[in-house]
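First subunit A sits with subunit B, and in the next complex the same chain sits with subunit C.
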Partner chain A sequence: MIFNSVSFSIFFIVFFLLYWFVLNKNLKLQNGFILAASYVFYARADWHFLFLLAGSSAVSYFLGIYIGKVTNDRQKRLLLYLGLLQGLGTLVYFKYFNFFITSFANAFSIFHINLNIHTFQILLPLGISFYTFRTLSYIIDIYNDKTKPTRDWVVFFCYIAFFPCLISGPIDRPNLLIPQLEKKRNFTYEHGTDAMRQILWGFFKKMVIADNCAAVTNQIFDKYLVLPGSTLLLGAFFFTIEIYSDFSGYSDLAIGFARLLGFNVTQNFNYPFFAQNIADYWRRWHISLTSWVTDYVFTPIAIAFRDYGKLGLLLAIILNMLIVGIWHGANWTFVLYGFVNGLYFIPLIWLGKLGGKKKSEHSKLMPSLAVLKNILGTFTLVMLTNIIFRAESISKAFGYYRRLFSLSLFKTPVFQGKLDAAVTLFLIGLMFTIEWLHREKQHGLQIDYIKSRFLRLGIYFSLMFIIFIFDFTEQHQFIYFKF
Partner chain B sequence: MKFFIKRVLYFILYLPIVYIIFLFVSIPILPKHLQRNIHYVRFNGDYLYTKTAEADTVKKLDILVLGASGAYRSFDPRIFKKNGMRMLTLGSSSQTPVQTQYLVNKYINKIKTKMVIYNVDYIMFGIDPLESSLDFFSNAHHFDRQLLSMAFEQKSIVGFNTFTYAWLNSLWKNDKKEPASIGLDTYISDGFVERKISKHQYSGEHLKKISVNVDPKQFQIFLDICKNISNKGIKIIIVQTPTSIDTYRSIKNKDSIQQLFSSFKSAPYLNFNDTTVFKNNLFFDKTHLNQQGVEIFDDILIKKIGNISY
Partner chain C sequence: MTILKELNDIFIDVFENEDIVLTVSTSAADLEEWDSLNHIHLIVSIEKHFNIRFTSKEIQSWKNVGEMVDSINKKIAV
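Moving on to the complex of A and B:
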């Protein structure tokens, strides 16, 4: 049951009406209903691992209570380690076990030692990377006295499995979501209409931009060995736009649906392609993950390495980015992706521009040349690095780079459906223009400032029309589902 | 909350109206490549528009032919007429059982026919019925409930858009006449599309071996159609029209498919691919007979029909 399906629309409408009109008076019943709906939502997608979701939630729930209760530091630490072991252990087993085993065996094979190790057929539970990070932040935050353990198991289970954010985030922190689950939610007209606008914008990004980009990306990456460099450059460009519009579109949908239920969840994207350097980019991209890793990994490491100055900071950043990379999947490509992104921080650290705010261009309609140069430079770096992210293996990524940076880069691009790609380019331009105009807003379609109701309605209808005419009918799954 | 729901409901109510207006205004002016989720092609060469117009006026027939392109390119009504049989072909490009069922439901009671020839093309049992549905929407004269349900069953935005636009177009102006010749083809009254023999001969090619997938849903619809026709006391013959030897040989699972089609007991199954009569020079491409091939095929078929006892 994905957001852009008829079954989800029916599910959500029924849920919404019962939630606000039947169960509104009783918070416990309302939360119980969220939990039941979340488990149905998950079971419809992947019922095999429903018990894993429930089991992980139960273990974290009880550990949270005990960590909050014990006063002995040693016992407290032991319980924390138990929680980390449970969360990370589950994640490592399901996501990385085969990867580590095969990498281990491959490492030995370099020295001609053949380890006869067998791998297992392990299915990846849907959303495991997202909900595990939620359980981990809960345990760590209680240990650090940043949050209090909840005694209401329904509230906690809802926090872990809240269906708009269950499968692909955002990864909300306990301090944000649990208090909202513990008190009565209110619905306001302004909140509801803006949530609907955000949902419409999410659908536009996913169904029009991402799916149409995917049609170009897939054919170019599948045949990169025989295509000229100019085409491969286009492939990297379309993939970069695809992954942004797919994931940020999904996030807009998740946030929009949560807002319709009276919840404020973490903003996951802040127009990352308007970033003026790589640090700025990572502060705007998949914010809930990067801020999670910053708080729980980077900050402790940076503190531990503080005596090593800039080198310590660089090490902390590289470690941070390695974790961000490998979080995406069990493949060396993601490790390399994280590492390369870490290396991009070197000039910023050296020049002391890591935390520096870039020139504000808030009120300007057009960016200045200097800002445009920074934006395009950052985008180019991101685009070229995304080749590693998209490639199936490191050797294929390097094969792609080899062909990309050959003389064929100056040839005319060759691929099927050039006219369709040109239309997609126009639509990408439309998306970025709208997002640029609303870069100070929470989402691209926050047009409540437009006073004319007819103009607003005209924009909604036009977007719906574009979705119905340009929705690419063969691509529906969200990319981040596999992470 | 109530105000919000009221507004959303108004929006949902107005959406189809505004959408239809957008569609009607924009599609005629939008270049083809910008009409991505609409596939409105009137007069695409199978003459479905003309055929269904003819079917609306016909009351009595000896033979009604149904099926995909093999149907309207293999059964020449002039040859059957010489043998004293009035025939009408309602074949159309890539016609799958879904569309055949629509035609049967629409015409089987209107047209009194003594016999139905159902031309089966294996491939059509495994392809997406959407392509042919779009042809039906684009070339429809009347937009009835069955056509609407066909649009719904496809569960495709392309299907909905094409259906809606074709329906709007039919309301606006529907007086166009299909040209008698399109490209190399000439339309012959009663549903036949002729391609002259002199210029067009198939010279053979090496084709990759394929396994044809028969969709159980489509096959069930096929069985339902056959049952429906024979329950009305109409004779039915299932015919596999000739395809080139290369095409026939390229199908790996032809034996099991043949068994499947011969499983319907009330209808004899005639496969014209197990004969050596139809050499490459009798085709204009790998699957369609040229006029010389059609004449040979129809003569053989007429003799066979005479010998069938029910």
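Moving on to the complex of A and C:
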């Protein structure tokens, strides 16, 4: 069930009413209801792998308890490795097994040795990259004494399978979500209306911006071999906007629906295109994933390499970004994508400019010229690696670059639907204007500061109207469903 | 100078922020500049300043400045 579908709307409305008006008195029943609904939600999308979801949850649940109980260091470490093996093992098998086989065979074919290796028909279980990272963070945090194991299996299974976030995140840490599951949730009018605003904004970004950008992007990437460089530049631009509005739109929806149920889940995007350098960008993009990899991969490696100064730091960052890249899927393009993004950090490391706060432009309406230059520069860097991200193979990515950086860059762009694209460009400008105005806020449409109810309602209805006229009849999948 | 005061000076130096005032309960959540990248600089500076060496496990176990002070005290006492 995707969020922008009739079936999900009905599902959620029924769930919402029962959740608050019938089951609110009994916490255990309410949690049970979340669990049942989450499994129904998952089954509708992918029932074959329901057992895997439940099985992974069960293994982590029991391992968590034993790791917490056991005092012998060696036994503790053994249990941790078991959990890592189960989680990473299943993830690697379903996601990367064929990739390893074909890469292995390809390596031999360079020497004209033909290994007749068959790949298996391995389907990718929905959401596995997301819920596996939840189970892993749970047992690692228990091992490191950062969290306590929970004895309530319903709470734990809910933490892993929480349906607003089950398919594509955000990836919540145990310390954020489990305590909320163990306590009664409260609903306030302000909370509810702001959650609805976030949901509206998510729908706008996904159905208006992302889907319309896709119409431009897809045709350009499909025919890149015959298109001029100027068109390819537009393709890269529209794809960058597409993936942002698609995924941040999905995240706004997930967070909004969770808030309607009384939960505060992790923020996933913090206006990444307002970043002024690449380090800042990665602090704002897919936050729940990058902070996960930072905490569990970068930090231990950086600590181990701390004697090697800037080189050690660079190595840790590159490994970090490689993992972020390859997490997206079994393709060398994702490896290259991660690697190049790691390399982007080099100037920052060498100049010692990695840290925290940049020149903030708090409450200034217009960005200064210096800030604008930084924003556009960072955007360009990101846009260039997104070509690799989008391409089906590395050779195709390089083919794209070759045509992009040729003299045809100065020819007029060629593609279908120029009027639609122009309108989309205008709406992109609208989206960024609204987000710029609200860049210190929790989400792009947090307009509770507008005192005039008339104005607020006007904004809601305008957005809904735009969604209505720009919605294609086909329902486009969210990009991140396939990760 | 107490350990806390020496730490405070190191923080000010690494984060390039003169307004930092540490208490034993200060944690990464309280200081904007204290992120994963600066954390490594901090550790290296602390180890150099006190001429001590932490294990990875010790470093990962700190939840706030107070626990860092305890770790430092233990190392110095040895």
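Convention: the second predicted complex is superposed on the first by the 478 of 483 C-alpha atoms of A that agree within 3 Å, B and C clash if a C-alpha of one lies under 4 Å from a C-alpha of the other, contacts with A are read in each partner's own complex, and residues count from 1 in each chain.
Throughout what follows, a contact is a pair of C-beta atoms (placed from the backbone, for glycine too) under 8 Å apart; a residue touches a chain by one contact, two chains touch by 3 or more.
Bear in mind the structure is a predicted one, so any value in this text is a computation, not a measurement.
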item	value
Which of subunit B and subunit C A:5 touches, first, second, both or neither	neither
Which of subunit B and subunit C A:20 touches, first, second, both or neither	first
Touched partner set for A:175, first subunit B, second subunit C, both or neither	neither
Superposed model, subunit A: greater residue contact from subunit B or subunit C	B
Which of subunit B and subunit C A:103 touches, first, second, both or neither	neither
Partner chain(s) touched by A:470 [first = subunit B, second = subunit C, both, neither]	first
Which superposed partner A:416 touches (first subunit B, second subunit C, both, neither)	neither
Contacts of A:187 with subunit B and subunit C, given as first, second, both or neither	first
Contact residues of subunit A, present in both the subunit B and the subunit C interface	none
Parts of subunit A lying in touch with subunit C, wherever the complex brings them together	144-145, 279, 283, 294-295, 298-300, 302-304, 306, 313, 354-357
Subunit A residues within the subunit B interface of the complex	20-21, 187, 189, 192-193, 196, 419-420, 422-423, 457, 460-462, 464-465, 468-473
Touching residues on subunit C, where the partner in the complex is subunit A	15-16, 32-40, 43-44, 56, 59-61
Subunit B - residues contacting subunit A, complex	1, 3-4, 7-8, 11, 15, 18-19, 22-23, 26, 33-38, 156-158, 160-161
